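Okay, so chain A shows up in both of these, paired with chain B first and chain C after.
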Partner chain A sequence: MNHSLVNWFKFASPASFYPLAGRLIPYFAAVAMALLAAGLWIGLLVAPTDAQQGEGYRIIFVHVPVSWMSMFIYCVMAFWAALGLSFNTRLSGMMTSALAPTGALFAFLSLWTGALWGKPMWGAWWVWDARLTSQLILFFLYLGFIALQAAIDDPRRADKAGAILALVGVINVPIIYFSVQWWNTLHQGASVSMTKAPSMAHTMLLGMLLMALAFWAYTIAVALMRVRCIILERELTSEWVKKNAME
Partner chain B sequence: MIRLLAPFRQSVRRDLLLAARHKTEIITALFFFVIVVNLLPLGIGPDPDLLRKIAPGALWIGALLATLLGLQRLFAPDHADGTLEQMALSPQSFTLLVAGKIMAHWLVAGLPVVLIAPLLGVQFDLSGRSLFILTLSLLLGTPILSLIGAVGAALTLGVRGGGALLSLLILPLYIPALIFGAGAVEADLAGIGPDGHLSLLAALLVVSTFFAPWVATVALRVALE
Partner chain C sequence: MSEFLAMGGYAFYVWGSVGACALGMVLEVWMLKHRRRAILARLPRKELA
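And now, the complex of A and B:
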């Protein structure tokens, strides 16, 4: 009946996704390592020293990609959440919870590297800039998601509750961002502005792009590893897992 | 129309009646609000200029915490004695029944806070105009807190460590309401006028009135499965 080359719905079943994920992990891990090496090489050795910020600016090769990824992963989680709620697929919920720790890690790294960058550049570890504040709130949203899932024992309920929370969160993220921005402009003059960044050299952009792709591949590899663990945990009693464990 | 809203009215009346039988709960939440707001000057110092500046934020944060206090009991008692399941199974719209519960929660937890806010504002030496704007912002904003909070209460229903978890989930989502609510007074003092902030607050209220009861219902059905 299905004439397409790959039957995508086949892999919606944890039993058939498990081996596929296992086969994909090495490729994504290798791609991540290669891109990471290339990105770091360009970022640390090839890219020119910034005229205003000196060598310290090089932290953006980590900072900007992790910030992008932390926001992107939340959107991906919301995508899986919507898919899981509408089609009632078990794997979607597992993917959502597999992505959350990596997203939280990136949000934390974004805050941390931002603080390390801010101290020499602005003279402060933390300023109540709109982007910093909304990134912090994003980090809280990740923590809330993880805490909610951890608190519910029944995995199916945990998946659905987490999915609702992820969707509510993703609607709120733009509202929070704009409200924080308006709050910020009301409270203080633009003492610190990150939007007026000097025009960027092409090598810098290339370095950031490579690093972003490296983190992207890393996220996929790690999420697949985590989802394999989740599948094994949840399907512990099923036949195929027992057979798999025997092999 | 009236027939359509009957479950909503019944639900409000029932919850108000229940609240009237446990008056101490309302009074405890209200005094919690009063005490939290009054602790701030004790922690920060009695300088009137400073107090005038922090007053909107202080009252708003007090309102957030006071709302959280009652939220844990929004669905939990009905869940414990099985009423909630009967509501979900009843032929009447579950969403309207939930909306009624949220409305009752606001009447019990939010409205008293709004009514006592001018009195506390006087303690912070706010002018008459600022008091009016602050009260108006709380009037528009506290229903948002009940509405969004209901989603969190539904998600954490019957979950281990529900109370602390509820705060973790809900407080980040309260930030826009806090910013526009407390910001209205400051915008007025800064000479921009409070209209923009109050309009945004009203917009948030409309959006959350539309979506929150529905999302809370979906979350409750998940919890009842």
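And now, the complex of A and C:
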């Protein structure tokens, strides 16, 4: 028998994933705290003042990373949803559910910080343009996913229904990403491009990347905390929970 | 220090953004800890806690 296969499927079982997740949480939390401190220090203190926007541009150090995370988390949810529908593994649906509230939080923060940036720079908290509207739809997709799952009593059926919504909704992510190219929009273009040399100061780029990595580590830690709650709630009556869950 | 807090006149917008993110993350972690405590309280073998 193939050993790597054995190991992966071992952790696809909630009972064996639960203690592993518990051991991983402190590490991801510590990494998140350290990266957050470094990213905020560089973003708020070290990075130079912007020639056009003064200190107001510093919103970029939270706005861009939370917006990236809101899109990325939805893609990860779609990945777990596809895995769950293909292999019918219970943990996949739990992971999809565990990520949704954090994704909703980041989508909300993206809109919130965007409004606080738009007001001083554009003169408006909100405009109905392609980038902003598609990001608002992403927020509603997260809320729709959470509401749909909450409305179905049987967790396995809730997982399946949620997985289909996650997979259909993922079409919105490239629409958000490319909206600034496809339509005329008030929103500026991509802050960081894979194909072009960075157009911003290196310290600005470094601050943004540190913040993005910090939110990554935060998301992993929080999703693992939530998936442990979900596992316990669903398996409260099983023997292993009674024996081991207190650890 | 007060110059740093003033953010060149953009204090409300910059700190409103950073503060909302901090608040959101702290609240999320707090809610998860609360949720976990509530589940463990329902477990029968309390003497292990």
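As a convention for this text, the second predicted complex is superposed on the first by the 211 of 247 C-alpha atoms of A that agree within 3 Å, B and C clash if a C-alpha of one lies under 4 Å from a C-alpha of the other, contacts with A are read in each partner's own complex, and residues count from 1 in each chain.
The working rule: contacts are C-beta pairs under 8 Å (C-beta built on N, C-alpha and C of every residue); 3 or more make two chains touch, one makes a residue touch a chain.
Small disclaimer: the values here were computed from a predicted structure and weren't measured.
When both complexes are overlaid on chain A, the residue A:82 reaches neither chain B nor chain C.
Shared-chain residue A:151: touches chain B; no touch with chain C.
Look at A:15: by the touch rule set out above, it reaches neither chain B nor chain C. In the superposition on chain A, contact of A:31 is made with neither chain B nor chain C. Looking at the shared chain after the overlay, A:58 reaches chain C, while chain B stays out of its contact range. Looking at the superposition, the partner that touches the larger set of chain A residues, chain B or chain C, turns out to be C. By the touch criterion defined above, A:209 reaches neither chain B nor chain C.
When the two complexes are laid over each other on chain A, chain A has no residue in contact with both chain B and chain C. Residues 4, 7-10, 12-14, 16-18, 20-21, 24-25, 28-29, 32-33, 35-36, 39-40, 42-45, 48-49 of chain C touch chain A in their complex. By the touch rule above, chain A contacts chain C in their complex via residues 40, 44-45, 49, 54-56, 58-59, 62-63, 66, 101-102, 105, 108-109, 112-113, 116-117, 119-120, 218, 222, 225-226, 228-229, 232-233, 236, 241-242, 245-246. Taken in their complex, chain A has these residues touching chain B: 137, 140-141, 143-144, 147-148, 151-153, 156-157, 160-161, 164-165, 168-169, 172, 175-176, 179-180, 182-183, 186-187. The part of chain B that touches chain A in the complex is made up of residues 151, 155-156, 159-162, 165, 168-169, 171-173, 175-176, 179-180, 183, 186-187, 190, 192, 200, 204, 215, 218-219, 222-223, 225.
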